[in-house]
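Next up, some structures in structure tokens.
Shared between the two complexes below is chain A, which pairs with chain B and chain C, respectively.
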Partner chain A sequence: MLIDATILFQIAGIGIITALIHTVLKQVGKEDIAQFVSLVGFIIVLVIVIHHLSDLFQQIKSVFLLQGL
Partner chain B sequence: MWKKYYFEYGEKTMKWIGAILLVSTTSWIGFDMSKKLTERPKQIRLLIQSLQMLETEMGYSQLTLQQTFQNISKKVPYPLDQFYERLAHKLSGIVIDFLTIWDEELSKFVQTSALKQTEHEVMKQFGRNLGQHTFLQQQKYIKLTIHHLQRELDDAMEERRKYEKMMKSLGVLIGLLIVLLLF
Partner chain C sequence: MDIIQIVLIGIIASLLYIILKDVQPTFAFVIILITSVLILMLVVKQIGIIIQLLTSLADKATINSFYLETILKIIGIAYITELGANVTKDAGLASVASKVELAGKIFILLLAIPIISAVVEVIINFIPTSGNHFL
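Let's look at the complex of A and B:
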């Protein structure tokens, strides 16, 4: 089974870049903004993941005929 | 068949072009901001130098303000020479109020330069006292203004040391982040 791997790379990339921005801001001494950026990155990734998880649950529902799909 | 392929190909290319445009734009904004941070101490230093020139010109050659500005405009580099040049030009006509001319030209100059509001205020204050007093008092005011600008210069240097690199890397990184989000 071949699944689309783009999503994995996208999430990994967002993680790496958020970490880099965090490091840069921390070096300059803006700890509060650095924390905020990390939080925002986390929330973005969370939204993407939840979006796909809801897809998964829909699939499961339709497999077990809980919904008239 | 090939039409479908062509569409897909075009879509992908457009995506990449958009990504490159986005990253280059945000990088450019970052570089521009860091350039402004680099320019500010330089321009404050030039301003101080020009004030010192003004002081010596006033002390030794005793010309009118218009001629003094003309002389200074020939000796200083780009953004500042325009300022003095325009001042001299405006003073060569009929002058009703020197203060309004000074304020007007000063705000024009600050807009084109990398200077901030604090330097603008210091120079505005300086304009209030220019040509109102005897030479000795005038000299004191010039010294005071130079002192203020010196403090601003230290401030600008500190800011530059801190944020110059950050602006560059943040520009590129934020561009990449946006591209990844939209991809």
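Let's look at the complex of A and C:
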């Protein structure tokens, strides 16, 4: 039973790329666009994480007979 | 060997966390969250097998399935609560984490109410009623 660790690298990669774009845009002088890029990157990562989190919660619910709650 | 994979995932997550901590703290936090979710997901799959064993044992012993169901629900609530409390504590919100733990304890107690009342009923039946035969 293998879990995919690719999602870890995926998130770290998105984070590093976002940090890079943030730094470049800050150097150019577009602070507001840099903040926006940071926000968009975070939202993309959050969508992935929430998908997995709901998967985990569904699994816990089905394993521990928590349908009634 | 699943345990080797879990340990390696933990090490990789720590490395990525250290890399990302200074540049993007929010992403570092997301790394922590997704690592917890991944490892817990694997563990929950294994717990399912153990629970099948437990239910088959309970069937053989003809224990009322209501009790086993309550215990399993309590264990599930404990796991979810601990995940939430630990992630919140890692983010630096210790007070919110303690509130999450409090909520978990309260819900566990709420689930245990039928069992507690059944125990109290049994004890009351043991005690002789106030017939005052000895007075």
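Here, the second predicted complex is superposed on the first by the 64 of 69 C-alpha atoms of A that agree within 3 Å, B and C clash if a C-alpha of one lies under 4 Å from a C-alpha of the other, contacts with A are read in each partner's own complex, and residues count from 1 in each chain.
Please note the rule applied: a residue touches a chain if its C-beta (ideal position, glycine included) is under 8 Å from a C-beta of that chain, and two chains touch if they have at least 3 such contacts.
In this text the structure is predicted, and so the values were computed from the model without any measurement.
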{"item": "Touching partner for A:I14 - first (chain B), second (chain C), both, neither", "value": "both"}
{"item": "First, second, both or neither for A:F42, with chain B first and chain C second", "value": "second"}
{"item": "First, second, both or neither for A:A5, with chain B first and chain C second", "value": "second"}
{"item": "Touching partner for A:V28 - first (chain B), second (chain C), both, neither", "value": "first"}
{"item": "Which superposed partner A:H52 touches (first chain B, second chain C, both, neither)", "value": "second"}
{"item": "In the superposition, chain B vs chain C on chain A residues touched", "value": "C"}
{"item": "Touched partner set for A:I60, first chain B, second chain C, both or neither", "value": "second"}
{"item": "Common interface residues of chain A - those touching chain B in one complex and chain C in the other", "value": "14, 18"}
{"item": "Complex contact set, residues of chain B against chain A", "value": "162-163, 166, 169-170, 173-174, 176-177, 180-181, 183"}
{"item": "Sites on chain A touched by chain B in the complex", "value": "6, 10, 13-14, 17-18, 20-21, 24-25, 27-29, 44"}
{"item": "Contact footprint of chain A on chain C as seen in their complex", "value": "2, 5, 8-9, 12-13, 16, 19-20, 23-24, 26-28, 30-31, 33-35, 37-38, 40-42, 44-45, 47-48, 51, 69, 72-73, 75-77, 79-80"}
{"item": "Of chain A, residues touching chain C in the complex", "value": "1-3, 5, 7-9, 11-12, 14-16, 18-19, 22, 38, 41-42, 45-46, 48-49, 52-53, 55-57, 59-61, 63-66, 69"}
